[in-house]
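These notes open a run of structures that come right after.
Each of the next two complexes has subunit A plus one more chain, namely subunit B in the first and subunit C in the second.
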Partner chain A sequence: MTARDWQKLITAAVLLGIAALLPLTGNAYWLSLGVSVAMYTVLATSWALFSGPTHYISLATAAFFGVGTYVMGSGIEVMPYWTLLPLAALAGGLLAALVGLATLRLSGVYFVIFTLGLAEMVRQCVTWYQNQTGHKGTYVLTELTEADIYWQLLGLAALVYLAGWAIQRSRLGFALRIIGDDEEVAAHSGINTALVKVALFVVSGLVAATVGAIIAPRYVYIEPATAFAPMLSFQVVIMALLGGTGRLWGPLIGVIPFTLLWEVISASFPNQTTLLLGLCFLLIVYVLPKGFVGLMQRLDLMRQGREAFA
Partner chain B sequence: MDIIITGLILGGTYALIAIGLNLQYGVARIMNLANGEMLVAGGYTAFALYTGAGLSPLLTIFLVAPAAFAVNWAIYRVMLRPLVKRAPNRGALEQDSILATFGLSFVMVGLMVWAFGGDYFNYAYLSRRVEIFGDGFGLNRVVAFLCATALCAALFIWMNLSRAGMVIRAVAVSPDSARLVGIDVPRLSAIAFALGGAVTAVGGAVLSTYLTLDASTGVIFTMKALIIVIMGGVGDIRGTIVAALILGLGETLVATLIDPGLTLAAAYALFILILLFRPQGLFGRRQA
Partner chain C sequence: MRQAPVLSLRGATKRFGGLVAVDQLGFDVAEHQVMGLIGPNGSGKSTTLNLISGALSPTSGTIALKGQPITALSARAIARKGVSRTFQLVRMLPSMTVLENVMAGAVFGHRRRWGGSAEAHAIAMLEEVGMADEAGSPIGQLTYIDTKRLELARALAGEPEVLLLDEWLAGLNPTELEEGIALIHRLRDEGRTIVLVEHVMDAIRSLCDACVVMSSGKKIAEGTPEEVLSDPEVIRAYLGDDDA
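Right after this comes the complex of A and B.
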């Protein structure tokens, strides 16, 4: 580790420490907003770990999230809370591994299509199972407060950032970047492209499932329609792309403005949310194809260019 | 017997929708995730004209088709052409077009909810009973099936026998070589995309005579059409028709024997089988 790395690490730790102080303000509105921001940060960052370098757009976040929620919901009666988090992660990772093994050997389109309907398919299966056994939904009753959920999510965010940082400097991250640049070249230089992609996809799947499990107590009552709401996948994709997936901190700078914007939108135009979400998508594709990160890099280049002329 | 006929009838309509998507993906190389919304829009138009003006859905087709053609042509020229120009390779174009059409699908859902409300809509058209091999079926389903079959057959013949169809197939096989023999690929891609949209919208109008639709069901149809296209092979109309019939049968089988709520799961099961054993499509050749 160089001095620069330490500097970055310390900056990140200080920022995290400041963020952890939020519940102490005692403002319930800010805290609930904080939970949303933390949740989307973890989801978008873990999404970008896989989809950023490979350019494979995963729309499966809602499926993993829902699986995590359901592991928590069906286990909370019989098992202690803390054992359920790793169990949820395991379930999410397993689902991701299965999906990855089936689709990631092939071209990216198959993967996108498969993930597009995954949440809906899992929802149908859960609903069917519940109808068979006569359940409708489950209650998740815990002693956890909003602040506890917030702190857990922050902790998870720290873990995701550390993991992302470690992956970036490992052979795995290097292989992933080569795959993103040119999959053919990667395969020819001896990289097991399918394995690398599946591995990273599993990471993003298990993180999303853990988030679902952590959030479950906040819902109190879980039913398939809320746990597997497909909108979640799309929001995560938008936020990550808005920030830019080229840097580890990219999704974060997309999450914060978008969560605030979304808060305003869903409060003032509750019937037009889908329309506005679509317009945001189009805006990103046509105006900000590389997100805020790309914009900043472009501005940086322009400034350097001017200085060189001066 | 009941299951087989219901399945084939459903599959016939699926075939029409999937051919639309296949023209857009196989020829114009645009993975159009807003395809299902175009279908629902076609259904809405048929619904509005039938309840408002008493126009038969089978006549509406002649209005829906040119309108959808024009709309899709404009979408391609304005929205998608810049992406095609900007993309350095096919992978990048796929990513961009997926995101753009995805945004478009949300915009269309939003507009339809705004214009018509989010409720389910259906109408009674030819809801009489007919007997086929001793079992009763809705006349509207049978008519819809015949209509879809006629359109599929017409498209199939046109694609295989006419000069324009041959040109379109040439672009599907290899856009670069098509350019070398003097085919105006950008113009043809726009036409194929528009035609695909028109076929899908007509499929929606036909489907609306017997299925209940709402503004947000589009994505389910997109999903099924995508599965069919992959199952049948990209750019292969014959494969698409066979695959659509298989999906129609499979879904009806699961819906009748297990649970009607599991149709998407049935589609997924087929999808997984195809991905594992024949990713190149039913009639596709393995690529070297």
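Right after this comes the complex of A and C.
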């Protein structure tokens, strides 16, 4: 590792340490915002690990997230909490592997539609199962406080960043970038495109499921409509694109403003949230196609250009 | 005794519905040989390259690399076994630098490298095609012949047993064409085994040890460039009956 790498690593650790102090302020409102930011950061960053380089837009986040919440919801009465987190990750990873293998040959819009359909299908299956057993939802009762949930999410975020950093420096990350540029060239260069895509999709699936499992106690009562809300998938995509998927930290700088904006929108215009979500989507695509990361790179180029003339 | 061929096709056939694009094609490519695959437009030359590289799989027949069948393998597996190619329409990795484009071949090809060794090898390949100075450049700034050179460097980077060039000289202006022919000449002198699909007759005469001439998917002649280019059936295939 170079000195620059150490510098980045230490900066990240310090920022994480500062973020971990938030519950100590004792402000419940800020803490609840912090949980949302941490949750969306993990989801958007892990989403971007796969979708950023490959440009495969996945709308399956809600499916993995929902599976995670349900693993927690159905297991909490019979098993210790800590064993359920890896179980949820395993379930999410398995689902992602199955979906990945089934959709490998799909590209572009077909992949998007399939992943959206997947979330809906899993939700319908869970609803059907619950109707068979005469339940509507499930209680998730734990001793965990909002601060515990927040710290767990921060820990998961650190893991995701470390994994993303390791992937970027590995053959796997290089292969993924080549696939994103030209899948045909990738295959003819000797890359197992199927394996690489499934591997990264599994990573994003298992992370989303773990987030679902961590968040479940916060809901206290979960039902399919909340656990598998399709809105979540769209929010994650918008946040990641707003920040920019070209850098590992890109999604984070999309998550923070968007979560705050979302807070304002849902408080002030509770009936128009979907409409405003759509407007945000349009704006991002038109104004910031490469997100804040792209904008910063463009400004940087302009600055260098001016200096060259000065 | 003759050495076993590096690449051999036996009865290779590709049908697209009712159309037979490649029909019972068979030929051998020996080690260090430059084999030209020529014929009029639509005669099945590029399809043949696609069958060898695994972009398409043959309807019937066999293709073998150093005696091992590669007929049913995927493009990835064939690349790993030692066949690399350039494309008729140049394919770059646009988000990457020149060096990274070549590293793609060095990291995942027939001989796999990683880290410093992959980078050093990629730079050596760029030197080979005369582009070492542009290692850090983005793809967007390259001239047309440079994109062709770069694609060639990427194909060479995996140290393939057989190199497939699909109209690598097409679209070059006369000066570039000279440079291009000289470059392939150097590869030939290094003893590489090459199959090239080409329309430029000067290049075929000066580069190829042997030629296979295709027409409507079939092999109509095989031999040295002089032999096949004076063959009446070849002339008929190119120019039609009246001129033969």
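Everything that follows uses one rule, which is that the second predicted complex is superposed on the first by the 308 of 310 C-alpha atoms of A that agree within 3 Å, B and C clash if a C-alpha of one lies under 4 Å from a C-alpha of the other, contacts with A are read in each partner's own complex, and residues count from 1 in each chain.
One rule holds for everything that comes next: contacts are C-beta pairs under 8 Å (C-beta built on N, C-alpha and C of every residue); 3 or more make two chains touch, one makes a residue touch a chain.
As the structure is a computational prediction, the values presented were derived from the model and not from experiment.
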{"item": "First (subunit B), second (subunit C), both or neither touched by A:171", "value": "second"}
{"item": "Partner chain in contact with A:192 - subunit B first, subunit C second, else both or neither", "value": "second"}
{"item": "First, second, both or neither for A:7, with subunit B first and subunit C second", "value": "neither"}
{"item": "First (subunit B), second (subunit C), both or neither touched by A:181", "value": "second"}
{"item": "Subunit B versus subunit C as contact partner of A:145, first or second or both or neither", "value": "neither"}
{"item": "Partner chain(s) touched by A:27 [first = subunit B, second = subunit C, both, neither]", "value": "neither"}
{"item": "Of subunit B and subunit C, the chain that contacts the larger number of subunit A residues", "value": "B"}
{"item": "Touching residues on subunit C, where the partner in the complex is subunit A", "value": "53-55, 74-76, 79-80, 84-85, 87, 91-96, 103-105, 107-110, 112, 114, 154, 158"}
{"item": "Subunit A - residues contacting subunit B, complex", "value": "55, 57, 102-103, 106, 108-110, 112-114, 116-117, 120-121, 124-125, 127-128, 131, 183, 230, 234, 241, 271-282, 284-286, 289"}
{"item": "Subunit A partner contacts - residues on subunit B that touch it in the complex", "value": "31, 33, 79, 82-83, 91-92, 94-96, 98-100, 102-111, 113-114, 216, 219-220, 222-223, 226-227, 230, 259, 261-265, 267-268, 271-272, 275-276, 279"}
{"item": "List of subunit A residues in touch with subunit C within their complex", "value": "171, 174-175, 177-178, 180-182, 184-193"}
